[in-house]
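Some structures are shown below for you to check.
In the two assemblies presented below, chain A is common to both, partnered first by chain B and then by chain C.
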Partner chain A sequence: MTEAVSNEAPTDWASEAMQARIRRRYAQERGFKALGLLALTLACGFLLLLMASVISSGWTAFVQTQVRVPVTFDAGELGVTAEQAKANPELLRRADFEGVMQQSVTRAFGNGAVLVSDGAWLQLREAAMADPSLIGTTKDMWLIATSNIDQLAKGRIDLQAAEGDRPVTDAEIAAWRKLGAAGDLRKAFNRTFLTGADSVDPELAGVWGALKGSFLTLIVTLLISFPVGVLAAIYLEEFAPKNRWTDVIEVSINNLAAVPSIIFGLLGLAVFLNFLNMPRSAPVVGGLTLALMTLPVIVIASRAAIKAVPPSIRDAALGIGASRVQVVFHHVLPLALPGMLTGTILGMARALGETAPLLMIGMRAFLTSVPQGLAQPATALPVQIFIWSDNVSRGFLEKTSGAIIVLMLFLLAINSLAIYLRNKFEVRW
Partner chain B sequence: MSWGFAWLALLVAAAGFWMGRARGVRFAEAGAHEIGSVHSRPHYHGLFVAILALLPAMALLLLWALLGDRLIAREVLASVPAGGIGATDLDREAFLSEVRGLVRGDYAAAFDPNAEAAAALWKQLAQRWGVVFGLGSVALAAMGALWGWSRLRPQFRARTRVERMTMLLLVVASLVAILTTFGIVASLVFESFRFFELVSPMEFLFGTNWSPQTAMRADQVGSSGAFGAVPLFWGTVFIGAIIAMIVAIPLGLMTAIFLTQYAAPGFRKVAKPVLEVLAGVPTVVYGFFAALTVAPAVRDFAISIGISDASSESALAAGLVMGVMIIPFVSSMADDALTAVPQSMRDGSLAMGATPSETIRKVLIPAALPGIVGGVLLAVSRAIGETMIVVMAAGLAANLTANPFHSVTTVTAQIVALLTGDQEFDSAKTLSAFALGLVLFLVTLALNVYALAVVKTYREAYD
Partner chain C sequence: MTLSAMGVRVGMLFAVAAALLAACSDSRTQIRIVGSSTVFPFTTAVAENFNRNNPEYPAPIVEATGTGGGIKLFCSGLGSRFPDVANASRRMKPGELADCEKNGARDIVEVKVGIDGVVLVQRKGGTPLNLTLRDVYLALAAEPFGRKQTARTWQDVNPALPATRIEVIGPPPTSGTRDAFNELYMAAGCDTDPAMQALKKSDESRHKTICNKIREDGAFVEAGENDNLIVQKLGANPAAVGVLGFSFLERNMDTLRDVPIDGVPATYATISDFSYPASRPLYIYVKAQHVKAIRGLRQFLDEYTSERAWGPGGYLQRRGLVPAPDGVRAENRARAAALTPLTAADLA
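Showing the complex of A and B:
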């Protein structure tokens, strides 16, 4: 046995130099930890900033400014009397409410600045159809203000700027001040924003058309990608032999999951529109394209869910005489379904937020009506956000942010559903 | 129209199921005294009949849905008097699209005098062929059901047949993925090939001048357009692989380190979902934020430090926001890589007296480096394929500049610009989008394959 002899003196932990070094190392340690916390704070802070900026500029989209106008439902101008309207309400659909509105507005405010939205006559028609006895009478009505008055009332216009530098004229500001002083201005919940479709006038634009387009698109996506994805996952996980073919399938699924979404848009354009001549801008094409995009996500999630089912379940079923197909469809599938559903819902959430592929297949049309069917032109909520964000009109800025709030609320709801399902049905064996 | 027939065929199949099942029940009752005298349970008999009814009917309807349009188009074209439409494919396409518009009711009146008659013929043919195919499918369903029903016997192996058909369905479902990949490659390659007939691949890949505007008249200046894509490739790399990664790698890595090494489990539980929210924000929202809030701030900053020609659409704004978008991705990849490092290595380092940060910097990160690099490569592939942020914040000016305050454009932004709005499908301008798509597809594919291979070999090293 030889003793390892060290020539060095034992470490003097108490020495000044050593203490300084340890202090430095501990300081480094604290610094590193702080750096980590800083990174996390920055990431979360950015999220907060994003939310705050969207909400602060978007919440006013849900509020609308209205102007009080004494409206005279002149039977002569309308071309319909109260009795005729009561007998046949359809007559009111063709009556000239636009003219009635113009007259009433001119009578109330003169021919100066435009204060009431061009589309406000729809409110008159709605009121008259609900109560035909209004015809021939005069009633104070709260009509939708123009976007400029709306923006003024919301304080979003810099009044200090010179007239040429701001979107509203001095006449509009004067009229707005007068209305406010007279109490003829109020703010109300913006029903149009949630029930309307796109419009050239910001005060009449709504998200319902885009939202319905998104729903129709997602229904197609779900109907295709869920069954196909689940069946493919079952095959790959439970039945596929290990050979070159199944390898090719696996590799292509894994690669598809990472292909940029815009490539799927190009695929949709080339195959569905140009080769199969399917209708442009239609939810069915958007749904098919997004289904191909979502498919790998669902396959991967479903395979994980199937893998998590313990082999003892399969062995038990096989042991009492079930066939392999029966084992899978009667026992493995029901147990794996919650996991599959969670994956599918997350895939749907991604599809709901997707914009680029839908732009490729033309779902960016300007549509003032709500889409009625799968083959009709439609747009989707994220695409609507993109279209509005391009609009220079001041009023569309808050509408864009408002639409983003709606989209984020839907995503929140969908993701919460997925988390709820995961927590409720997750089984740990 | 064809939906009605599809429902009818479905009804026939349902009836087939019910009849087959009823027959199975009778078999079961008759053979109840002797075990093994009946092979399958009643509902398998029913399913067998239903599948035989449904399969051929649906195949025929699908065929009609896919090919009907072409069939009618050919007949309609043949009906137009000679000389009525131009001879080229393009003329024919234009004529057909007008006729389709008329049929669908998009246009009130026809521009081409022949189109009106053609549209009427189209409607008539669509109705006639729709009825023929629809009735055919219902007849096929009925025949299939009858044939299947006639084959039922107590010893008939209905379950085996049904299961074999189920297997077929499973295989078909898993082939969809291959078909999609094939469809992507085929459509990109096919359209790119047509593009390279017009523009040489050399000019596309190495040219430095990008201005795809094709002029309205042939004699206009620059009517041919220029398709040198280098500025686009540079812009993509500049935003996606440089600026975004400068943001995402340090922040993502440090976030992962903090969450895996320092944070208490409770804190981790709160912070992780926040990162997931960051990952779940739609890219169009990021794009809006980049264009509305970040880009003006970046421009003001640039002007304040004396760069007077700063553009309102800057590479920096798009890159910054894209970097933030990628943070959760980098963080989760680094998280996986760090937690895969064996605990013994960490313990060994700590036992030697290293502080946690020294352990992380000198032991964990070097050990996890392949996994982290793989994750970063995947992040780059995701960043260069990202579309909406660059469309909304980076602009369309194809500049070859390294100044982050200038506007650059990317491959994805150009694809969107080229394919939205008015387009004629044979112009080099439209086709170039597919060539760009092909390059994008190949590059992201290569990055993914390489990154996954790196991650995989690294995982195996510690397993």
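Showing the complex of A and C:
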């Protein structure tokens, strides 16, 4: 054998043919690397494009235009004096702040001017409730501007267009210019957007209601799908006999993971709402429906994680006399947990972005209050984005993108948690 | 042993799930409203104002399901599982009221909240159309006057019209706007022919087929229960004509314009005095039996029927609702206050 090798002439690396082969091989390698780089660049490019378009149209959602109005808290107009208000806050809460706001705006800017939002009187009520001694005095207040003034101030309106071709009137533009020149206009952080719920007026709409709805829904999903999914995976991997039934179950689970989410919505509608008579639009129903959807994903990820635990660990534990349950809960489960958690959190991230099943169970209702419990009606963040994107009002355009930014930050937080947990618990052997 | 331990855990889990179920079968406290997508923007505005003025009551839940679907849900029964209020962009049908009564919801109060026009709109920049009810009927009927539908362009219908393709985007049959379109445009355009009026007397079902059935060859596109989608589709297609409630035109004046019908443009004035041929009233239906059980329903009705909401210059007018005449408002306010139930005789 060695003789046969020594008889062969040594490879002539300098020969023309060999050099050509080497060049071709290097060219292939470079080509493949370039292709990979191109794919990566393309993916990053699309991501950047998406981020840039969302952020450029959405960052203004976090900014609010306000108008300075000298508000006179006239006791006569309010129908309540400072003393009465201190003694009985309920009386003050019912006072006519809307009228006071109208009066103050008319006094400052003349009749017929629509500059401040329909809901800006809530700011007056808040201020007066916090300090009843305001009644009878005049105070400069920064009130939320209407959506049209807001859009003008943010430069989102084409001023060159003819009056009939743009959403704001010439009178509004003139008023906006005047306010700007007088220094009665300012931009401030939009607290309403982060603390409020849905509204018919874009300047008063907020994402907190939807975000909390999403949060409550996901808690129910996690509480149900994680334990059930992990237990099912442990049973299937460690205890179940291998026979035709377990094969059928395995195929069904893999199938379920690929079923379109709208089907789970229909199932939720039929079972939870129509059969069990659970409340429509409630996070608990949304959570149960999404749990059904997430369950197969968690089962599959958990089984893969259990399979990855080396058999030697089981053998060693059994060898020193541990029972099967002890082996599983003392040894296999802790080692498989990082993989299970990763799978679960990815499943939850998918559930967070899901819209279709939630529409079926009525989580697209219009709600102006933040949900307070699991059985209270709520919407979810992606559904809120869907509802706002349908709204033709121009002010909702930036709110839609703003809500997308909030959703992406939420997703980023969840995924960071997944990476952190994986690194913290990961065991190498 | 191992299996029984597992069983205990699984059993505990089901116990938790059962507790969750029990926790949420409590009866509902907030007002639940379903129905027309045309009335939706007005009812949500009222709901929001109601919530601001009465924070002691939970905020109402408003869902747009279409008039037909909404009334069906509304009439499915009495109790906290069923909605308290239905928005409707057409009047309740006698059959629907009978359904309600059969399911135990006996005292239904009808409140006429205002007037809306079913308008034909197109994007600014397209060839301006000027149609008559007869043109619309001839262009969209499945069998215009009993003949086969052959029209491809508006010119085929009326030589005075431009030769653009007939493409109308409108709501689906579950929508009250569609019902109103059938009645105000299709049936009215059909009855411009005396022969059809004669047919109505001799063969009513044939008359209904000829007059109300809309062609299904792609010239009429159903855009789903979502009027904003129609607005967006029109923006992308200058040749298309859309069927919408007047408020949607009002809020999109910068991109859309109305198609005058019989020479009458769609404005607040022409719709409120019914000179625009396609004006219709909008309704809400309330279960009087729920007023005691659901906190705030009475106050919600008060808010809806207040002058600052539905009156001239009220916040609903700013959203595109055409206020009803003074007498009609007073009558409906009185009916809402007294909770006078609707009877089958009223609908006849």
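Assume the second predicted complex is superposed on the first by the 389 of 429 C-alpha atoms of A that agree within 3 Å, B and C clash if a C-alpha of one lies under 4 Å from a C-alpha of the other, contacts with A are read in each partner's own complex, and residues count from 1 in each chain.
FYI, a contact is a pair of C-beta atoms (placed from the backbone, for glycine too) under 8 Å apart; a residue touches a chain by one contact, two chains touch by 3 or more.
All of these numbers come straight from a predicted model, not from anything done at the bench.
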{"item": "Partner chain in contact with A:167 - chain B first, chain C second, else both or neither", "value": "second"}
{"item": "Chain B or chain C, by number of chain A residues touched", "value": "B"}
{"item": "First (chain B), second (chain C), both or neither touched by A:393", "value": "second"}
{"item": "Contacts of A:54 with chain B and chain C, given as first, second, both or neither", "value": "first"}
{"item": "First (chain B), second (chain C), both or neither touched by A:282", "value": "second"}
{"item": "Partner chain(s) touched by A:102 [first = chain B, second = chain C, both, neither]", "value": "neither"}
{"item": "First (chain B), second (chain C), both or neither touched by A:364", "value": "both"}
{"item": "Contact residues of chain A, present in both the chain B and the chain C interface", "value": "227-228, 231, 235, 239, 276-277, 279, 323-325, 362, 364"}
{"item": "Complex contacts: residues of chain A adjacent to chain C", "value": "93, 118-119, 122, 161, 164-167, 197, 199-201, 220, 223-224, 227-228, 231, 235, 239, 276-282, 284-285, 323-325, 362, 364-369, 374-377, 390-393"}
{"item": "Chain B to chain A touching residues, read off their complex", "value": "66, 69-70, 73, 100, 104, 159, 163, 166-167, 169-171, 173-178, 180-181, 183-184, 187-188, 190-191, 250-255, 257-259, 261-262, 271, 274-275, 277-278, 280-289, 291-293, 324, 327-328, 331, 355-358, 360-361, 378, 381-382, 384-388, 391-392, 412, 415-416, 419-420, 425, 433-434, 437, 440-441, 444-445, 448-449, 452"}
{"item": "Residues of chain C defined as touching chain A within the complex", "value": "1-3, 5-6, 9-10, 13, 16-17, 20-21, 23-26, 28, 30, 32, 40-41, 44-45, 47-48, 51-52, 55, 58-59, 61-64, 81, 124, 226, 228-229, 231-232, 248, 251-254, 315, 318-319"}
{"item": "Contact set on chain A toward chain B in their complex", "value": "25-26, 28-29, 31-33, 35-40, 42-44, 46-47, 49-50, 53-54, 57, 227-229, 231-232, 234-236, 239-240, 248-249, 252-256, 258-264, 266-267, 269-271, 274-277, 279, 292, 295-296, 299, 323-326, 329, 349-350, 352-356, 359-360, 362, 364, 382-383, 385-386, 389, 397, 400-401, 404, 407-408, 411, 415"}
